[in-house]
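Labels for the chains are A, B, C and D, by order of writing; each one numbers its residues from 1.
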Amino acid sequence: MTVVEQMLETYPKDLGQVDQGKLSACIQACIDCAQACTACADACLSEDKVAELTKCIRDNLDCADLCDTTGRVLSRHTGYDANLTRTVLEACAAACRTCGDECERHADMHEHCRICAATCHRCEQACQALLDSLGPIEQPREPA
Amino acid sequence: MTVVEQMLETYPKDLGQVDQGKLSACIQACIDCAQACTACADACLSEDKVAELTKCIRDNLDCADLCDTTGRVLSRHTGYDANLTRTVLEACAAACRTCGDECERHADMHEHCRICAATCHRCEQACQALLDSLGPIEQPREPA
Amino acid sequence: MTVVEQMLETYPKDLGQVDQGKLSACIQACIDCAQACTACADACLSEDKVAELTKCIRDNLDCADLCDTTGRVLSRHTGYDANLTRTVLEACAAACRTCGDECERHADMHEHCRICAATCHRCEQACQALLDSLGPIEQPREPA
Amino acid sequence: MTVVEQMLETYPKDLGQVDQGKLSACIQACIDCAQACTACADACLSEDKVAELTKCIRDNLDCADLCDTTGRVLSRHTGYDANLTRTVLEACAAACRTCGDECERHADMHEHCRICAATCHRCEQACQALLDSLGPIEQPREPA
């Protein structure tokens, strides 16, 4: 059992109707993807043709931040709010898609981009799978 | 001029059609709100009736993470992607609304919740104002 | 091979004299520990006796932030600076020791604290092992 | 009064012997510096001669992460631990010094580096001033 699974297993209250397998897979995918994107941004920085990789680096940095935050939000169950979780998962999936597509474009040239693209696409899918399992959207309160 | 405004002013390339005033106001609101939420979570922790504030603490922690990440994404302009910005701003506004409403409920009892609620609502409005200025939504690519 | 190891393997320049096994183990320990601490803070929040766990929650939050940042700094190799790495590792080890000791005190009562304590102590050891492998301290420039 | 000062003012328990003015100044310096470094990394990425700025970008990213974490740790007072605070402040001051010195080298060429260098040096000084006010070092427990 991974640490993520152990921490989920020992949460002292009811986790509600969330799919525990999809939740722990998504948390793990988020923390793996955050690290891969941080490392890929740095690997791009060290490439001789860094000037061709500036959009890739920016997408890596955004994706790392989104995945980090999503992994944290998903690790909290007290006072759980499905609507907030849904919005955060959508933002994370969007960041992973953008970054994964950009890394993909450089995958033939740079092994780090190839691995990072695969990690981003896995994380996007894990976010989407968890989103699909959360059920129908409740109507949010209108913004003031 | 604030540091946020100075950094925006000295960005070496064109910032595109974004409203610079709304952008710098939103970045500032995000970093102020992230700090207020971190401090409010801790102030709640030190209250004698902490058991009544656990949802508030959780909302504070989520909101701090979302605001932090949003302030970072908005501070990046290279390879700008309006659709990603929009999704992140929506997630941040949702976190600020949830946290601001929860803090509001404790504002009569706890001064830190009153200040944090006001900071969250200001940040929600700054996100909304920037969102409104970003113009019509482009159709995102279908997820794989 | 883990994602951390793959990203390290594909870094395009020379990694210098750092011990790659100890480096990847430390990055992995940091990201696991950051997640465990975030989850443990939340699990503590949901305990009926949360009032007895406020120091534990605070230590969890500090440790999560330090481990997150350390995992990021260690994932960057471009323009590597052994002195900065050393200082960051010392701060991370200190946070893990403080948090691991505090969680340990609650390990008999709370399974999440028991697992989190073990994760913190593993991370402290991984930081220490990497620190030991970095060799003699160079004299830092005097602060202004 | 800034939001940082208001949150400090409304903390419900005793803050101990810490110098409140130096503490709020340091928190503010950390969050300003984190934002400036994130923006400077991105501005460097958009420079035509980005290949000459890769160490600067890396230092910016490290400094942003350290300042973010330090601002968070300093915003927490419950279960305060002077030794951990000291270690974190030392790591943050080291990151600010490294980044400020590197940005300084590019200050004549790039306005964003000039502003970022000044922000880093202000943050280093704020960390040092708070460190100096924390009093004599207690002997930490030996690592296991």
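A few points about this structure:
Operating definition for what follows: a contact is a pair of C-beta atoms (placed from the backbone, for glycine too) under 8 Å apart; a residue touches a chain by one contact, two chains touch by 3 or more.
Chain labels with UniProt names: A, B, C, D = Four-helix bundle copper-binding protein.
Being a predicted model, the structure only gives us computed values, none of them experimental.
Of the two chain pairs examined here, A-B and A-D, the one linked by more C-beta pairs in contact is A-B. Greatest Cα centroid separation from chain A: this falls to D.
If you match contact pairs by residue number, over half of those in B-C turn up again in just one of C-D, A-D or A-C, and that pair is A-D. Centre-to-centre separation between chain A and chain B, using Cα means, comes to 19 Å. Rounded to whole angstrom, the centroid-to-centroid distance between chain A and chain D, based on C-alpha atoms, equals 27 Å. Shared interface positions of chain A, defined as residues touching 2 or more other chains, are 42, 45-46, 54, 57-58, 61, 68, 72, 76, 78. Taken as a graph of touching chains, this assembly is fully connected, with contact between every pair of chains.
Remark: chain A residues 41-42, 45-46, 48, 50-51, 54, 57-58, 61 touch chain D in the complex.
The part of chain D that touches chain C in the complex is made up of residues 54-55, 57-59, 61-62, 65-66, 68-69, 72-73, 76, 78-79, 81, 83-84, 87-88, 90-91, 93-95, 97-98, 121, 124-125, 128, 140-141, 143-144.
Touching chain A in their complex are the following residues of chain C: 3-4, 6-8, 10-13, 27, 31-32, 34-36, 38-40, 42-43, 45-47, 64, 68, 71-72, 75-78, 110-112, 114-116, 119.
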